[in-house]
Amino acid sequence: MEHKPVYYSEYLELERILNSQHPVSFQEGNTPAHDEMLFIVIHQAYELWFKQILFEVQSVIDIMEKPEINDNSSELQFVVHRLQRVSTILMLLVQQIEILDTMTPMDFLDFRDMLRPASGFQSIQFKILEAKLGLAFEQRHGKAYYTSQLTPADVEIIKKVESQPSLVQLLNKWLERMPFFDDKEIWKNFAGGSFWDEYKTIYENSLGEGEKLNAKAFQSVIFGDDSGEYRALSPKASRAALFIILYRGHPMLELPFQFLNTLIQIDNQLGNWRSKHVNMVRRMIGTRTGTGGSTGAGYLQGAMDKHYIYRELSQLHSFLIDRRRLPQLPQKLIEKLGYKFC
Amino acid sequence: MEHKPVYYSEYLELERILNSQHPVSFQEGNTPAHDEMLFIVIHQAYELWFKQILFEVQSVIDIMEKPEINDNSSELQFVVHRLQRVSTILMLLVQQIEILDTMTPMDFLDFRDMLRPASGFQSIQFKILEAKLGLAFEQRHGKAYYTSQLTPADVEIIKKVESQPSLVQLLNKWLERMPFFDDKEIWKNFAGGSFWDEYKTIYENSLGEGEKLNAKAFQSVIFGDDSGEYRALSPKASRAALFIILYRGHPMLELPFQFLNTLIQIDNQLGNWRSKHVNMVRRMIGTRTGTGGSTGAGYLQGAMDKHYIYRELSQLHSFLIDRRRLPQLPQKLIEKLGYKFC
Amino acid sequence: MEHKPVYYSEYLELERILNSQHPVSFQEGNTPAHDEMLFIVIHQAYELWFKQILFEVQSVIDIMEKPEINDNSSELQFVVHRLQRVSTILMLLVQQIEILDTMTPMDFLDFRDMLRPASGFQSIQFKILEAKLGLAFEQRHGKAYYTSQLTPADVEIIKKVESQPSLVQLLNKWLERMPFFDDKEIWKNFAGGSFWDEYKTIYENSLGEGEKLNAKAFQSVIFGDDSGEYRALSPKASRAALFIILYRGHPMLELPFQFLNTLIQIDNQLGNWRSKHVNMVRRMIGTRTGTGGSTGAGYLQGAMDKHYIYRELSQLHSFLIDRRRLPQLPQKLIEKLGYKFC
Amino acid sequence: MEHKPVYYSEYLELERILNSQHPVSFQEGNTPAHDEMLFIVIHQAYELWFKQILFEVQSVIDIMEKPEINDNSSELQFVVHRLQRVSTILMLLVQQIEILDTMTPMDFLDFRDMLRPASGFQSIQFKILEAKLGLAFEQRHGKAYYTSQLTPADVEIIKKVESQPSLVQLLNKWLERMPFFDDKEIWKNFAGGSFWDEYKTIYENSLGEGEKLNAKAFQSVIFGDDSGEYRALSPKASRAALFIILYRGHPMLELPFQFLNTLIQIDNQLGNWRSKHVNMVRRMIGTRTGTGGSTGAGYLQGAMDKHYIYRELSQLHSFLIDRRRLPQLPQKLIEKLGYKFC
């Protein structure tokens, strides 16, 4: 495998990367605002990482889109490993806001007006990420405002992503495919006859006085007595997910559990990011409008409450029962969930 | 200065510290839940740090309570340095939640019921901290719920703290004392006659079309045309704070600026902590009630929006104008704000 | 399951935890040094976390000490999950040093002399942790110094831990037990006859001109042509570990891979901790001796280079070949390494 | 101030930033290695931040190069604030290594050979940063190796930076300019006659039995009985720095203290970065040579021990005496070190 010798700066295309910072305030006729450089660099760093996150998420989608995932290949390992990497990156991005916190509001004012109407809101990559993870247009906070801030070309790009299968949809399909419950052979000698009927009884008995609402929610989510509200996960998929969480101790459920768990983590980190972002904006411009004319903290606050894409997964944690009361699985199933070796 | 030789473990009283973990689930008759140890240790670590934070905040209050702070002593240095330490500690406490995130909801269920009705809500030290920083009882989210969860003795303790001067009150007094504006000698040749009248004009001219509300807010906060809403900082104090933020470049205003800035930081970190806490609770118990019977994430969400104690400081950032338009201070004042040496 | 109502502060034994801070400088006759409280609290927080880490490591040792680990139970999951928790905690402990960095050297001097000869070096829990992880007495930096600083009782405690099976020893045994290579049935149609002979050839061909030493190291580590130096892992165990790293894509090797990987991580974090600790000590007391009379930074520097307990695992990374050249495993083995289900 | 409307993606030149990632393994004829994208992006993020750090450090050098810094302007505030920002960025860069840790050694091998002989060692910006901070060519670890790895053009660039005044040199000049000690008027009624003679006596009395070496070092550093070893700070500058550390409580010394303290912090963070880097390299390629043919961990280890640029500042901490024994400053000096206002 012969190849041309590689030089660090060429390989990283530093010529371009390091010559793409042109503060407006440094242009002739303006007063240079020292902190505008930081403002540009930190946003470029964010966008670089968003590119990486999108690269990882897309590779996960590519795997999940296959007609069938081979459980004995390393495909699911890749899915989990790459989503965990996304989570690690998001942790850094939350931390990275500390650097912007070294810019004072007065320092920001030195160049803020020159940037109008640009706004972090216009980060297409971030919007694409939300769409790929599964945020549907209808679920977005401030829909009208949202489209008004972007160029038509950019709206088009996001619309296209929204029309493709999102990770949450692929997750739903993958969960629905879980074959354990359709196999009558496995369950035929099962004490309760049906696993979920038995589970329901145990769950309801575990509820305290004032927890009637939980029983109702269980019925709706797990059995699908429809509440009419939008749900990304079908009852069938929800049952599979709950089963994975309950019985992750069995080898074959470990990676699926990590998969679900990492999605919840990613959701939470996006939440932490939004919360820290709100605080930063509030500190930076008080209650005034952002550079894009948005009501700044207001929009972010709204997004913070609505944009939990995997809340249906964390909601399942309301339906857990403790290990001591878990229905004992049929021996046949236990074996199937193990490694072949032993 | 002779003294008895000190041994590490005795000095740190490790005998006590390391023998104060007695998981309920480890008691005879119960099934040991491995993760209960972590649950205890992490809460103890939080409480240890709360003790340290209270120690720092109290020392700051002690300084601020003096009839007069000597600007040429190191008193204000201490104030700033110790609050910055509080901020550094809070950053760690936010990070520390990552450790609890290694406990899964199923692991928590193994011992959760045994702890009822205990709840992190019952952390007296955290409530005392909020009170010392300046959260008044009337400003608290869920007042009734709040008192119902604590023992009468603990309610008493917090009430007592609430009756003592809080840091925000002492800040108000300290800001009001600022002598620059009462000294007619300084301002007599000032272009605008009155600094704040001139400032108001410049500020209003800086506002865009749709920003009428900001002009109104400015009038209310800076001049005190009363809006009737609760405010911890008087117009006089708000003017002093705004002045500090605007003219921090002068030596004598640097530490006061750091003081204000650090209070905003502490507020934001408490906000980050609450946000991460909400996420953690949501993940851990879904939408069910917490061990203390609280609606869990619900209460925290409410507190998150209401418990910004220093929001009046960050609100001042709405009233900034950029450096190029700042009124030029009288030469006499500039000198007074400098060091004597030069 | 009826139980006595639990109250937060009683459950956490806060009465004891929060009343175990008695700064020497606060005693009658001394001048209170404000920062001594921080000094005590941060060390207590470290010790609390060390207790938790020891609890996790001991639980891992307990599992690993069983005559046979059932691969189809969740035992290995527990091992990996708990070691990952240790790693998460260590990450926090590294970060925690930032808090001590808010204490200036002058602030430390205010009480430093009163603590003599106490020293962080006397943390028994940290020494026990090193011993449990596998640091043998003979491998310790500064052996004589080491014992001279501790009370005979404490030396006794550590000696006892050192005499018990350490995690690295249990790892060695567990790796040696790996049955794949002894099963002639599996390998009989294998291209190269012996897997390791074929691997060796490929590896040596992958080496560049100046890498003769790597070939020699490979021979010594993997085949055991003895170099005479101390090694915790036998050639048999090293082969198993290398195999796991190379073929982790197969389901049954995923958790073993995480196991090895987490041990390397823990090692690195202990290294980061020591490095940050050296810097802190260097900043705090320059080149003077520590409170315990140690040469401070000197000892830590020495430990930093020598106390990599799992360096033999990371050393295996020198012996990797890229996936394209990996010997193709026999089909029979591939099946055995998969889940039974499919 | 009219201006063309700004759009987020154009302002940040994202067209260029986000299209500068071209993994070699993705080229026709090669097997795409998924993780090469991460490898490129993380290095680009590092280089972006290095650009920002250099921008801040250069702006500090520009201020320090002025014939005279006006203490009553905000110049020193800028110096401190910007260096603190550098320190905050470095903290993130240390953390950022965690992301690269999600790449396994096997994943790296998938593309490692294609990059030869590129190496992180060839980061010109990092070398320039070291030079600007004050690392002289003669003080570098592995000088010959160092030049051999770079293109002549790059060596030229660094040589040029090395020939310009570095921050440590400017610091030395600035410290030497400190006028307090030359003003006989101030000291004429001083108890000890000469401040430093009195200080020396107190310091020597504070030393324990075995600390003779400290007395000798004090003599050499503070009075300049030359030891022959290279020193960036003259005795005069060292005295000024020590004075600042001892008497920082006086208003005029607060910013200078922060200046020195932040330089030590930056040094330590570069140390932490190198240490974490060593661990990462060790884990990634074991004891084999890096992509640039360097002995990898070996070089970094050497640099780690030698490249402490501000060690002379932390060494001063060996010469502190506690506050209770500090010589009382003349009243006249105390006043001069205060604000004019009071």
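Each chain gets a letter, A, B, C and D, in the order it is written, and its residues are counted from 1.
As a working rule, contacts are C-beta pairs under 8 Å (C-beta built on N, C-alpha and C of every residue); 3 or more make two chains touch, one makes a residue touch a chain.
Being a predicted model, the structure only gives us computed values, none of them experimental.
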item: Copy-to-copy rotation for subunit A and subunit D - C-alpha atoms, rounded to a multiple of 5°; value: 180
item: Chain at maximum distance from subunit B, centres defined as averaged CA atoms; value: C
item: Comparison of B-D and B-C (more C-beta pairs in contact); value: B-C
item: Chain copies touching (subunit C, subunit D) - same or different residues, decided at half shared; value: same
item: Averaged-CA centre spacing for the pair subunit C and subunit B, given as whole angstrom; value: 38
item: Intercentroid distance (Cα basis), subunit D paired with subunit B, Å; value: 32
item: Subunit B residues counted as touching two or more neighbouring chains; value: 113, 248
item: Subunit A contact footprint on subunit D (complex, rising order); value: 1, 3, 5-9, 11-14, 16-18, 20-22, 24, 34, 37-38, 40-45, 47-49, 51-52, 55, 59, 78, 81-82, 84-85, 88-89, 91-92, 95-96, 98-99, 102, 113-125, 151, 154, 292
item: For the subunit D and subunit C complex, residues of the former touching the latter; value: 31, 101, 104-106, 109-110, 112-113, 210-211, 214, 217, 245-246, 248, 261, 264-265, 268, 271-272, 275-276, 279-280, 282-289, 311, 314-324
item: Of subunit B, residues touching subunit D in the complex; value: 70-74, 77, 248-252, 254-255, 334-342
